[in-house]
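Before anything else, here is the set of structures, which you'll find just below.
Next, two complexes with chain A in common: one pairs it with chain B, the other with chain C.
Showing the complex of A and B:
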């Protein structure tokens, strides 16, 4: 219990530090929202319009500490104010429309890649030196070492643009009315295939290696030799004796992966025009949309910290040594 | 008596057949256009910038629209306007029998109400003419006439009034905060007003049931489908795949990507837009010498710059008199001819002029020095990340090196660039020029002393009170002959002094897909400059489109 409490205090401090950085960093970037909009318009905006626009957005040149207090208050009350680029739509409304897409995409891709990766890792470790152990992890490592932007563009070019097997973008066909009808859900899945595959390709290698390496260590332990000596079937040794103990490092990795999944979507969502947070971040940064940017970054930080916290709790449950 | 009746019936017949000729296209069909945004939101307020592209022109019609390419005015909600003889007011006359899309009458009351919105709230003033003090009051005279009174003499307000949004008073008068109003059930005056689909990635707006041109069969198309894309890179494949009918975007290698995908139907037309110049600070050595500036200009191979730095899409500048092909209708051949040599690539002439003016290489480093022996070495400012301009400036420096002048490309952040141009602390800097309704708007920004410090184009050292007075006079006369004189004087002044070096006119990005929709403006049928991001030109373009 003391362990959990200690961690909790740590997380609260971490959130506060992250929030402060979140406030400072966007303001260190050159340019402001109006200048960014102006540059985007190619300068074809009379100065009167700029002044009017500033006034409309309520740009106050208040001292930084006042802005900071205002910001803290808005975060605590979840009243994040209106977005600048979609003015006057509130930031919370924008996020609630985009977050589900990212959670769906990142969640599915992460879970699927964990299953596939862990299975390959398990198999490779148990059959050390076999064909799978020698070539499959290397193959996935090769795929994963390609920048995600390149993988995404390649997949887009081949399967969407050239072969036309998959759509060019969107979370679903814009001509369809969203509903829970099976035909619509199928359409959603159809549109999610390529982005999901791209995400999985870059993630599988991690799981293969994490589990394989952990397993190799565990397999050297005496109790495995004991189990073998008892004449247990090898499948049972692999799943019930080795894998259970090799899972600890995987839990850490999973919590990290889930936390970073949101942040890792930027390229994929941009290439496939997927309506999630990743794409929103890019747009918000380009438009210097401080409220929206801050909300997105805060969300990422929260994801990472919450995932870590869950991992801590799981550890306590999985590892009796921590309970003292 | 019999004869007059006959005449009238003949006229009626003629009118009927004309109406038929216009209604040659059956109604129906949907136009698909891309909108660059992160997501659509339910917001049809023309005053908040969120989704102006969905509503301007086609949902909220302008009073009129200047069609610069055709040199005329397309009257829309208004039938005409007239300045008073003393130029202290303007009377706007509306069409008879206008209605809003909810069936309510649209009359002078609405127009006066809408124009008055800008009086107390600058954010609702799309004309900018309350803010600059020109408009003193707007009042309704009778249901068809509105009088706009001025605080000073003026004959240019019609250029700006076309940007005003006319909104229904019976809806907007009850709205407390007009900027944050969502206008979820919009009532408009344009051809398409009825929102039938509202999703994050698509908005569809369809035919106005009470459109004033319905008797002419307009609009031909039933709906516009706006699709969300987050950047140009996504629009290109969508255009290639035929998902979009009307593109207004930069497309890399348009011939072999877009046109080649369907040569029968895919087309583009990039008519000239704003003229791009390299502005020079003429208070500084060596730019204080007009011979140096002219040699600079003659050293530019504009065709090569256009081809290599900008994919061949812009139109190379051929005249040194301050305006580009956008204002081709206003070119003055006599004055152009006087200075065209200075906007023509001629290395020999440039070298000769530099030699003659005493710019020679005295220290043997391969670059020329000033006549007093000090080295010439200057920076040309360009904004970080504006890649086509960065490449253009790099070519400019190469061409300068060819005639022995040392210049460097200096990419800076927008805020640095902006301040330097406005405050005149640059040496040389690439920038656009003003395009609007009348070429005088460009000259106003070049030479009117009141624009120094405000505009990017005025602080080069040649803004002058005399030119400012002429420009002001232009805006307070309706005498076309006098206006032509003033323009000629300004062109002559530009050509003679050359405070900036013209490079090329930016293209208007415009791609079309004629597979489903016909009636596109093209180089062969230049009925309007097809600018989607506008009020009037978008409306005029849309009105001619029909389902094939």
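Showing the complex of A and C:
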């Protein structure tokens, strides 16, 4: 429990750092930050809306610490005001429309690449020095080293544009009415195939290497020699003795990988015109919608921290030494 | 002279039988060379209109032209200078920061360690790209130098943790104690005794960061966050995307920069893998493993003969 509590405190500090970052950044802009932030709002917004906005973001005539408290208060109470780009839709509504898509895409891609990568890593370590061990991890590393923007463009060009096997973009066919009907869900999956494959291509290598290297280290331990001496079948040694312990570094690596998945998300969603938060943040940047941009950033940080926390809980569950 | 020779033989033994390392180094060195030799390989100015828009590859323009009628081959060569400069600058900044933070935290310990590691861990959980996007958006269209600096200053935390744990592993060794007893200054101990032991890790980190920076820079510029007037591989992708090169069938417009980025990335990744396998013998595979088994067998045989 102490471990979980310590992590929780750490994540809360991290969120505060992110909020402080958001608070400081506009104040570092050259010139009048308010004027610059709301330049894009121009004629779109009534003056009183801009005034309310300023107050919400802490641009009030008060000392800096009061501005800061004001800002924290509006973030914590989810009072994020309307989006400038999509005025008058509130920022929170825009975010809640896009978040499920991103969580779906990133979550599935991460979990599937962990499974596939770990399986390859296990097999490579099991047949050390064999064909798979020699060439397959290097192959995946080569694929993963291509920037995600480039992979996404190539896959889009080949499979969507040239071969026309998959749709040109978006999360579902816009002619259909969103619902939980099977036909609609199939359509959603069909639209998600290419973005998901692109994400997975760049992530699988991490898990192949993490599991293989962890396995190689664990296989040198005495209890493995003991298990062999007892005459256990080597398959059982691999899965029940080695892999169980080698899985811990995989859980630790999740936190690194999530940041990477989010980054991939931004490119993949932009190239495939997928309606998630990665595309939203880029659109907000292009439209100079600073409040929406900052809200996107906070939400992404929050998602990554929550996923990290889940990984921590999983870690405690997997490693009895931490359960005290 | 003697030092130089031992350095050369060290480099030689790194590449002996190391196919991945040789291929990777050759790829990166080749692309670096053609970019540096750009004026000899193309007659066109990358910033001038020299052809009709989206002209297919021909004898005159071997890689075709962009929508704005600029020569793609010339842009790739000159743009590569900018992209590689950003990658190596960012990697240098990252290595310096990660080494200083990691080694100080590991060597001094106590309060210093706590504070430095708290900062590192917070930095580590932040997803980097959104952070870069927000920074770039607030700074306005950022030039290559700024991109290199923000990439360098945001990607050190992982390296710092690796350096710290390695420093912890060697700080209690006899040679460090000996140096302390001899009254060497802390600075000298760090620079002369500790850092040389971290060189292979630092090399791995440098290559890894350069790899990351190539992709991140291309990505940021592709998303339109860079300065679109500077020619680099990322802005080439950006212009290809915004001029709808896909839809009009001008595949060369994005395939050429895309392939070059992929080749440099792949080359750096191969170097990185081979550094890993050389510096950590436990992880060896393939020809490394065979050589290791052979050596091990001779040692065993000797021992048994006794």
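Note that in this section the second predicted complex is superposed on the first by the 250 of 324 C-alpha atoms of A that agree within 3 Å, B and C clash if a C-alpha of one lies under 4 Å from a C-alpha of the other, contacts with A are read in each partner's own complex, and residues count from 1 in each chain.
Here, a residue touches a chain if its C-beta (ideal position, glycine included) is under 8 Å from a C-beta of that chain, and two chains touch if they have at least 3 such contacts.
Computed from a predicted model, the values in this text were never measured in an experiment.
Of the two partner chains placed by superposition, A:320 touches none, neither chain B nor chain C. In the superposition on chain A, A:270 makes contact with both chain B and chain C. With both structures placed on the common chain, the touch criterion links A:279 to chain B but leaves chain C unconnected. Between chain B and chain C, C touches the greater number of residues of chain A.
When the two structures are aligned on the shared chain, A:98 is found in touch with chain B, with no touch to chain C. When the two complexes are overlaid on their common chain A, residue A:144 makes contact with chain C while staying clear of chain B. With both structures placed on the common chain, the touch criterion links A:233 to neither chain B nor chain C. Using the contact criterion defined above for the overlaid structures, shared-chain residue A:128 touches chain C, although it does not reach chain B. When the two structures are aligned on the shared chain, A:178 is found in touch with chain B, with no touch to chain C. Look at A:63: by the touch rule set out above, it reaches neither chain B nor chain C.
According to the touch criterion, the shared surface of chain A, contacted by chain B in one complex and chain C in the other, consists of residues 161, 270, 282. Residues 10-11, 13-14, 17-18, 22, 25-26, 28-29, 124, 128-129, 133-134, 137-138, 141-142, 144-150, 153-154, 156-157, 161, 213, 216-217, 220, 255-256, 258-259, 262-263, 266-267, 270, 281-282, 285-286, 288, 290, 293-294, 296-297, 300-301, 304-305, 308 of chain A are the ones touching chain C in the complex. Residue ranges of chain A in contact with chain B, taken from their complex: 30-31, 35, 37-39, 42-44, 46-49, 51-53, 55-56, 82, 85-89, 93-94, 97-98, 160-161, 164, 168-172, 174-175, 178, 270, 273, 275, 279-280, 282-284. Of all residues in chain B, only 37-39, 41, 43, 48-50, 122-123, 125, 128, 131-132, 179-180, 199-202, 225, 227-231, 234, 237-238, 240-241, 243, 274, 383, 413-415, 418, 431-432, 435, 454-456 touch chain A in the complex they form.
On the side of chain C, the complex with chain A involves touching residues 20, 121-122, 124-131, 133-138, 158, 211, 214-216, 218-219, 222-225, 237, 241, 246-247, 251, 254-255, 258, 261-262, 265-266, 268-270, 272-273, 282-283, 285-286, 289-290.
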